[in-house]
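Order of writing sets the labels: A, B, C and D. Residues in every chain begin at 1.
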Amino acid sequence: MDVLIQSEVFDAGAELNRFSQRAANNGAGAVVSFTGLVRDLADSPLSRMEIEHYPGMTERAIEAIRAEAVTRWSLSGALVIHRHGQLAAGDPIMMVATAAPHRVDAFAAAEFLMDYLKSRAPFWKKEVTAQGASWVDSKAEDEAALDRWA
Amino acid sequence: MDVLIQSEVFDAGAELNRFSQRAANNGAGAVVSFTGLVRDLADSPLSRMEIEHYPGMTERAIEAIRAEAVTRWSLSGALVIHRHGQLAAGDPIMMVATAAPHRVDAFAAAEFLMDYLKSRAPFWKKEVTAQGASWVDSKAEDEAALDRWA
Amino acid sequence: MQLEVLYFAWVRERIGVPRETVQTEARTVADLVAELTTREERYAAAFADLSTVRVALDQTLSGFEAELAGVREVAFFPPMTGG
Amino acid sequence: MQLEVLYFAWVRERIGVPRETVQTEARTVADLVAELTTREERYAAAFADLSTVRVALDQTLSGFEAELAGVREVAFFPPMTGG
């Protein structure tokens, strides 16, 4: 499975090893991974993060992004895992892994996947503290990051 | 330890998890890893890869590169592992991991470390097949990749 | 025309339901938004600043000028914050 | 002046030893290379095309024009192929 949308926690290291093993058999010399972690907040400790998603559209959007990456770069593999539901500080939120014969392709594809996941995959993060809950604002710089792939 | 030069094989997934755990405690929201694998050859199966290094200078060069990355970007951590000696096809050769509050810094630092390790850390790869052994040529594009950090 | 209309994140919270079936003759998304806004205050609150609302038609990102003919599922939500 | 001179990869293979102690009055790296080249054919073979040879002085990358005063360890090797 190359796209996993799940509420369960995942083991990024185990996923990376499984992915690299398959990629090596497929001609990869370079594997890049990105893991997003729930950051604690500076002002008020985070009780939890809640991630809402749009079932159905999430899978479609991520598959489309992944297919675009496979078209643009010479890849030996591409993996996306993204959680929804309730997460604790320090938890992995999501991961992307890309493999290619050469490092330039693996890095570019991983950054491309991340830029699109940030602004084009239907997830919404909410931070819950003892003081209350607030939706995470989207960032103009994340939207702007898409321009470099246009 | 943030720089490991060793002949022993390493477990990239276990290293990534250990690194991420520490980085999360240090404010990281983004972790990027790169793993280089011994690729098999198209024409003649690889018997083994031999990596020669310059003990002493290797550690100095990598520490200098790592210190430069920590100066340039806001990082929660940076790890370099590089093997020398005899490696088999599919083996991990080396890994880099970077952690930062934000993904842009983690990606940039990982690419910077890789570009410098490729051309400025004193390692030399030799590919051994049933037909004989040959030193891997350096690539003009690897040298050129350094220009973007000038 | 009968549409399934879905709401997510703070759009959902303001409207108070995650989804509903809407009977409408609206031609475009903008027409549908205008129609809902006049129905009840909670819709007006959700759609007060459309620059902060995104729309998907049948699970594909779209625009407010898009036509609704043939569409079955409309979703409104804030800019996404995945990754 | 006494220098520890190290060779790596195919430079080492051509010269036949990984390191040696050299007595020399060479002022620069280029002078040292010229002196070694005249000594024996194996040095001439290793230094035939200096565009493919790199040098480090006391474990820091340097150039052929660099002076040797105060240096203890000189290393010659091909362009690096790490990563």
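In this text, a contact is a pair of C-beta atoms (placed from the backbone, for glycine too) under 8 Å apart; a residue touches a chain by one contact, two chains touch by 3 or more.
The shown structure was predicted, so the numbers you read here are calculated from the model rather than taken from an experiment.
Peer 1: Which chain lies the greatest distance away from chain C when centres are computed from Cα atoms alone?
Peer 2: Result for the farthest chain: D.
Peer 1: Where the CA atoms of chain A average out and where those of chain D average out, how many Å apart are those spots?
Peer 2: About 48 Å separates the centre of chain A from that of chain D.
Peer 1: Using mean CA coordinates as chain centres, what's the gap between chain A and chain B in Å?
Peer 2: Chain A and chain B have C-alpha centres separated by 23 Å.
Peer 1: Per the centroid of Cα atoms for each chain, what is the distance between chain B and chain D, given in Å?
Peer 2: 26
Peer 1: For chain C and chain D, let me know how many angstrom lie between their CA-based centres, rounded off.
Peer 2: Comparing mean C-alpha positions, chain D is 72 Å from chain C.
Peer 1: List, in ascending order, every residue of chain C touching at least 2 other chains.
Peer 2: 83
Peer 1: Among the residues of chain A, which are close enough to touch at least two other chains?
Peer 2: 36, 103, 114
Peer 1: Classify the chain contact graph as line, ring, star, complete or other.
Peer 2: Graph shape, chains as nodes and touching pairs as edges: a line.
Peer 1: Which of the chains are touching one another, listed as pairs?
Peer 2: A-B, A-C, B-D
Peer 1: Which chain B residues qualify as touching chain A in the complex?
Peer 2: 11-17, 20-21, 23-25, 27-40, 90, 92, 101, 103-104, 106-107, 110-111, 114, 145
Peer 1: Of all residues in chain B, which touch chain D in the complex?
Peer 2: 36, 52, 54, 56-57, 60-61, 82, 93-94, 114, 117-126, 135-138, 142-143
Peer 1: Along chain D, where are the residues that touch chain B in the complex?
Peer 2: Chain D residues touching chain B: 6, 8-10, 12, 56, 59-61, 75, 77-83.
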